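Here the structure is laid out as structure tokens; the discussion comes afterwards.
Naming follows writing order (A, B, C and D), and every chain is counted from residue 1.
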Amino acid sequence: MKYINQLRMEFMSIPDNVGLARLTVAAFASQLDYTVSEIDDIKGAISEAVSNAIIHGYEGRPENTVRIVASLTTRGLEVIVEDTGKGIENVKEAMLSGYSSVPERLGLGFSFMQSFMDEVAVLSEPMKGTRVIMFKQLGRRGDYASEN
Amino acid sequence: MKYINQLRMEFMSIPDNVGLARLTVAAFASQLDYTVSEIDDIKGAISEAVSNAIIHGYEGRPENTVRIVASLTTRGLEVIVEDTGKGIENVKEAMLSGYSSVPERLGLGFSFMQSFMDEVAVLSEPMKGTRVIMFKQLGRRGDYASEN
Amino acid sequence: MDSEVEVRSNALVVRLAGEIDIKVADALRAELETSLDRSRARHLVLNLDRVSFIDSSGLGVILGRYKRVSVQGGKLAFVGLRPAVQRVLELSGVLRISEVFPSEDEALSRLQ
Amino acid sequence: MDSEVEVRSNALVVRLAGEIDIKVADALRAELETSLDRSRARHLVLNLDRVSFIDSSGLGVILGRYKRVSVQGGKLAFVGLRPAVQRVLELSGVLRISEVFPSEDEALSRLQ
């Protein structure tokens, strides 16, 4: 697999940077020939993964670092969102739709990532951190309408 | 000086990433209370520094890495653009308005950076690379009109 | 995110603009709670026609308010969903417990 | 970057849109050269009203074409400069060797 382009970014774990990450990865992915709705999907997935790193991984502490590695290949966008925060004890349970360890949250983050992207893998170790690896295939989906 | 926010990014030395860097640093800087024309200045300065890293530092070879470190403080944006490319023999000469080592270029990159930003420092070592450190003070300038 | 609140007949109409994510979630929650307290409106109508993005953190705020409204027998309605927002609402199942109308007026006349 | 070229009386009118930087510099240079070759126009009128950004790489392309046009006794004129673009043109001194007009028609009538 040949890399067409590669971007790494690291930023402080504060809510302002969720929008920054979304915008940057979307602009990066736009170098490939994605549709508008595919770019919206990518924004959604990044938003969920980065929010999780900030809220859950670092439990809202701002002085930590969230890291994103995004790569473009002829097949599509691969993007890794990672934190060195508290990690997840049971990844399978965490990924269940509706499961959240925080009462007022919906527990839909991981299922949104799975709906928006073609592949989602989560590697996590308690006290070490979490890495979410996502892939969005190029030329796979049509717009919203044709999916329904 | 307290950092309000910090962003690091690294990307391949290809022309597509000049616009990406501009957009990302501008979005990042917009977290402070800059005017629209100040954000335009920041875009201009990033564009010149990143283009220089790609064209001059790496002489157009795409497999190299350009690195940006951007920091927000209560005083303003500090941004560092760096490459590990061929470096500059004589920084003073290189920064002269109109000086270019490439015939078809204007030699205005550094003087634009100096016009757009409040401070510009260039550290470079032949065969090692170049680091451009820029600072844009907050609440200093009005819009274009009031500068004239 | 910008917001504008208006009480029209028995509904609280809230017009939002921008991106609704974790950055604005707390402020939005507080604003909706205050407005619901003050207005004593029965229904909640959200006009999202200038909302370009929403994620699960933003949706959580809306669903929290839905719970409050539905306890008092009120309904949740949406107006002006852009494709990206519509998709998130669909995926979450929110559209099964709410209604979507083409305009605020239509929403208000149907929610009596 | 998008572009549109039209020959009007003795001028080549080029309407550009988007951001003019190193990414598009080579393509723009080639397009302007080809258009100047074909049209044999005397003056060059650049309508930049949909150009949101230009840097020194983009400016280099314009100045290179200015040289060619001025050798044949032609002039360079700009129409529709946004603040960010105007500022870059001013800083570079390009505005001292060119003229700015409020519309294409005005530019064409003055460049006879």
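Here are some notes:
As a working rule, a residue touches a chain if its C-beta (ideal position, glycine included) is under 8 Å from a C-beta of that chain, and two chains touch if they have at least 3 such contacts.
Computed from a predicted structure; not experimentally measured.
Relative to chain A, the most remote chain by averaged C-alpha coordinates is D.
Work out the mean CA point of chain A and of chain B, and you get 29 Å between them. Distance between chain B and chain D, defined via averaged C-alpha coordinates, is recorded as 26 Å.
A straight line joining the Cα centres of chain A and chain D is 42 Å long.
Counting partner chains per residue, chain C shows two or more touched chains at no residue at all.
Across the assembly, chain A contributes residues 16, 19 that each touch 2 or more other chains. Applying the touch definition to every pair of chains gives A-B, A-C, B-D. Across the interface of their complex, chain A is touched by residues 3, 5-12, 14, 16-17, 19-20, 23-24, 27-28, 31 of chain B.
Those residues of chain D that touch chain B in the complex are listed here as 19, 21-23, 53, 55-57, 59-60, 63-64, 83-84, 86-88, 91-92. Interface residues of chain A, counted against chain C in their complex, comprise 15-16, 18-19, 22, 36-37, 40, 43-44, 47-48, 51, 54-55, 104-106, 108-109, 111-112, 115, 143-144.
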